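Each chain carries a letter (A, B and C) given by its place in the written order, and its residues are counted from 1.
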Amino acid sequence: MPELEARGLVHVYRDSGVRALDGVDLRVAPGERVAIIGQNGSGKTTLVRHLNGLLRPTEGRVTIGGEDASGMTVAQLASRVGLVFQDPDRQIFSSSVTAEVEFGPRNLGRRGERLRASVARALVAAGLADDGEANPYDLGGSRRKLLALASVLAMETDVLVLDEPTTGQDARGVERVREVVEEVTTEGRTVIAISHDMRFVAETFRRVVVMREGRIVLDGTPDEAFAHESWETLSSTYLEPTLAARIGHRLGLGPTPTDEGLIAALAARGRTAQ
Amino acid sequence: MSLALRGVGYRYPGVAVPALLDVDLHLGSGEVVGVTGASESGKTTLCLVVSGLAPRVVGGRIRGTITLDGESVDDWPMHRLAGRVGIGFQDPTSQLSQVAVTVFEEVAFGPMNLGVARDAIVERTWEALGTLRIEGLAERDPRRLSGGQQQLVAMAGLLAMRPAHLVLDEPTAQLDPAGTRLVAEAVERLAEGGASILITEQKTDLLASVADRVVVLRDGRFALDGPTDEVLADPRLIELGVREPAPLRLRRLAATAGVDPALLQPAADA
Amino acid sequence: MAGRERLTRASHSGLPEWLGRPGPSAYHRLNPLTKATLATVTAVAAVALGGLVGPALLVIGAVLIPAVAAGVLGRLLRLSLLLALPIAISAFLVNLFFFPGGRTELLRIGPIVATAEGLGFALEILARILAISGAVTLFYLTTRPSDLVLDLERRGVSPRIGFVANASVQAVPAMVERAVQITAAQRARGLDTEGSPLRRARGILPIVGPVILGSIAEVEERTMALEARAFGRPGRRTLLWAPHDTAAEGVVRWLLLAGLLVLVVARLAGVGP
């Protein structure tokens, strides 16, 4: 599994002149779970689109397993870095769920048993195993979003990048996404996700990267990202720590970004008090 | 003023399975009813039916009775209902009229269509902008605002029609945290100001802070219906595919772990 | 809103003075219908007149001079040339080399011959194309589409017609943006948009499909949002303001149209060059 690295990444959009990335350094090891957070316009989407070559850096470079991505086409990169877009309606075109999921691996040249197996696995992972024959347009918002996820999962890339995987999802959908992230990283593959959902971020990821105005302003564990010292940085990009983190700080428990963490810390304090 | 649904069922055109079944709902004056439920449980359909868009614009077949202040609205055309029940949608951009070059004209669009006198339109428009605290945007081009701001403009456009009831279908679903906060605060202010609102949301934290009552949909029926605190603390919420509000989830986890939930109380407003 | 006290703020009131703010120049401030009439008359007259001198005079008198007066000459030249260039080049080349009545040889490239007659005709076509694109661009640069819609509505034209026209104009950039995003999403799934023509042809459905379906869904949403704001109500809407118009401008419009009518009839009757 390759390491993914961005060095000195600058991106200026040619038509608008907006400097969306302003010197980003990011190194992600195989098997890592990284969440990228920050308000709209902070450069998150621009950054991840560099990872599979959809955007090319104005300055700096991206390497995958030490290899310079600038020498690879998007099609070549797509076999290594899978990117799921935020809006599933901007990619679904097939008349059946299975055909939609087959599209990506077919483009990568997969056929026969390998194709069938990867599609089946992706459908199961996304919780769509019973919907293979369904027309994607008959699925509700939550399942359409999971279909988009499955269609990239089936490409079995080393790196999986998710742009806002939980927006428009119901509770089960969010849970599904979390399971997929865990499963994929257990296999040693890398997951990088953009999210606005702080509870999902705190509970699912092991590393949190905060972006503001095209730069990384914080890069650490959820404990570090949601610790009191980071609140000012978070609010400077219109983010709020989770409720558990806020309560944990008020009660002097140190960093407790997740609900479970907060309750465990409270239980531990209760025991020492007795 | 009140809006009531009795035994309402609804089918989309060309679909055999009803999307809504046996719904009884009462939206009284100044009351805020939150609606939640898993994806495909019928939340949007309920909004379309309550606003009258289904079946008038969407097509399909409806059963049961819908009344406004006791009067059946069955034979009301959409433009007549529109003056009484306003509806807002998820996507802020698709709600813009596209013909207005300023926010002021965008907000005035509804009352203009209603044929309200000019002076009254001007007054209503300023009032709606003021209620949502976006007078400062009046001169701006609505197409060049952020998603959150556009959503506020869309809500102001509804308010300017002075509806007795407001239906909001997941108004924060497509917004980032900054936009979500803007809209959530606006909804809270409207609710405090006495507006009668039916609002659907996956974000139960938002419902917890604005709704008097919450209903949870499953397969087009009301699975839960009651005061906000009771419904959002109901253990069946998880199996209904609804995310627990953060404070309630903490309290439940505390109880399971043998931690006194009261410990969380003084800090809950942190 | 019913029930409790309404949240009213009285910090602002009255019709904002910037609403329908007059344009920066006297030409901008003409009534939109006058400017639309000028553009139409210029374009049709250029075609009807033919030749080189007529369209050239029209370009100078009805496009360039007003553009200078309106202070938009630079943008007008850039935009109208951009608009006309593809058609102009192809029309110019086709006529230069393939004009049927061509006798006088100017240049020979292999089997193709450029003729003097072809050159003359090509220049005439060019003059007409430039007059049309110039007239249209001048109108576009000095008039907000919504002002024309309001003006027509005041004159009794259904707002739906103006709305549909306006919305279709605005739909184009939205569709282009959608296609760009969809292409990116499909390329991320390994769709080859750079390979051989055959490979690229296979990439059409995954891009065009979501573009069309997405546009339909958006139209449905927009329709619902409009109906929910009483757009379907029969009868006239209340207008907050309407573009300025004068009796003199009305006379000018009728004179322009009458002049155009005379010209067209005269040309049909065979008068002129």
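In this text, a contact is a pair of C-beta atoms (placed from the backbone, for glycine too) under 8 Å apart; a residue touches a chain by one contact, two chains touch by 3 or more.
These numbers were taken from a predicted model, which means no experiment stands behind them.
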{"item": "Chain-level touch network, classified as line, ring, star, complete or other", "value": "complete"}
{"item": "Between A-B and B-C, the pair joined by more C-beta contacts", "value": "B-C"}
{"item": "Averaged-CA centre spacing for the pair chain C and chain A, given as whole angstrom", "value": "43"}
{"item": "Chain B and chain C, separation of their C-alpha mean positions in angstrom", "value": "40"}
{"item": "Inter-chain centre distance, chain A versus chain B - centres from mean C-alpha coordinates, in Å", "value": "30"}
{"item": "Residue numbers on chain B that touch chain A, as the complex places them", "value": "37-40, 146-147, 173-174, 176-181, 202, 238, 241-243, 246-247, 249-250, 253-254, 257-260, 263-264, 266-268, 270"}
{"item": "Complex interface listing, chain C residues touching chain A", "value": "178, 181-182, 184-192, 194-195, 205-206, 209-210, 213-214, 217"}
{"item": "Footprint of chain C on chain B - complex, ascending", "value": "1, 29-30, 48, 51, 53, 56-58, 77-79, 82-83, 86-87, 89, 91, 94-95, 97-102, 104-105, 108-118, 121-123, 126-127, 129-131, 133, 135, 138-139, 154, 157-159, 161-164, 189-190, 193-196"}
{"item": "Residue numbers on chain A that touch chain B, as the complex places them", "value": "39-40, 139-143, 167-174, 196, 198-199, 238-240, 242-244, 246-247, 249-251, 259-260, 262-264, 266-267, 270"}
{"item": "Chain C contact footprint on chain A (complex, rising order)", "value": "49, 52, 54, 73-75, 78-79, 82-83, 85, 87, 89-93, 103-104, 107-108, 137, 151-152, 155"}
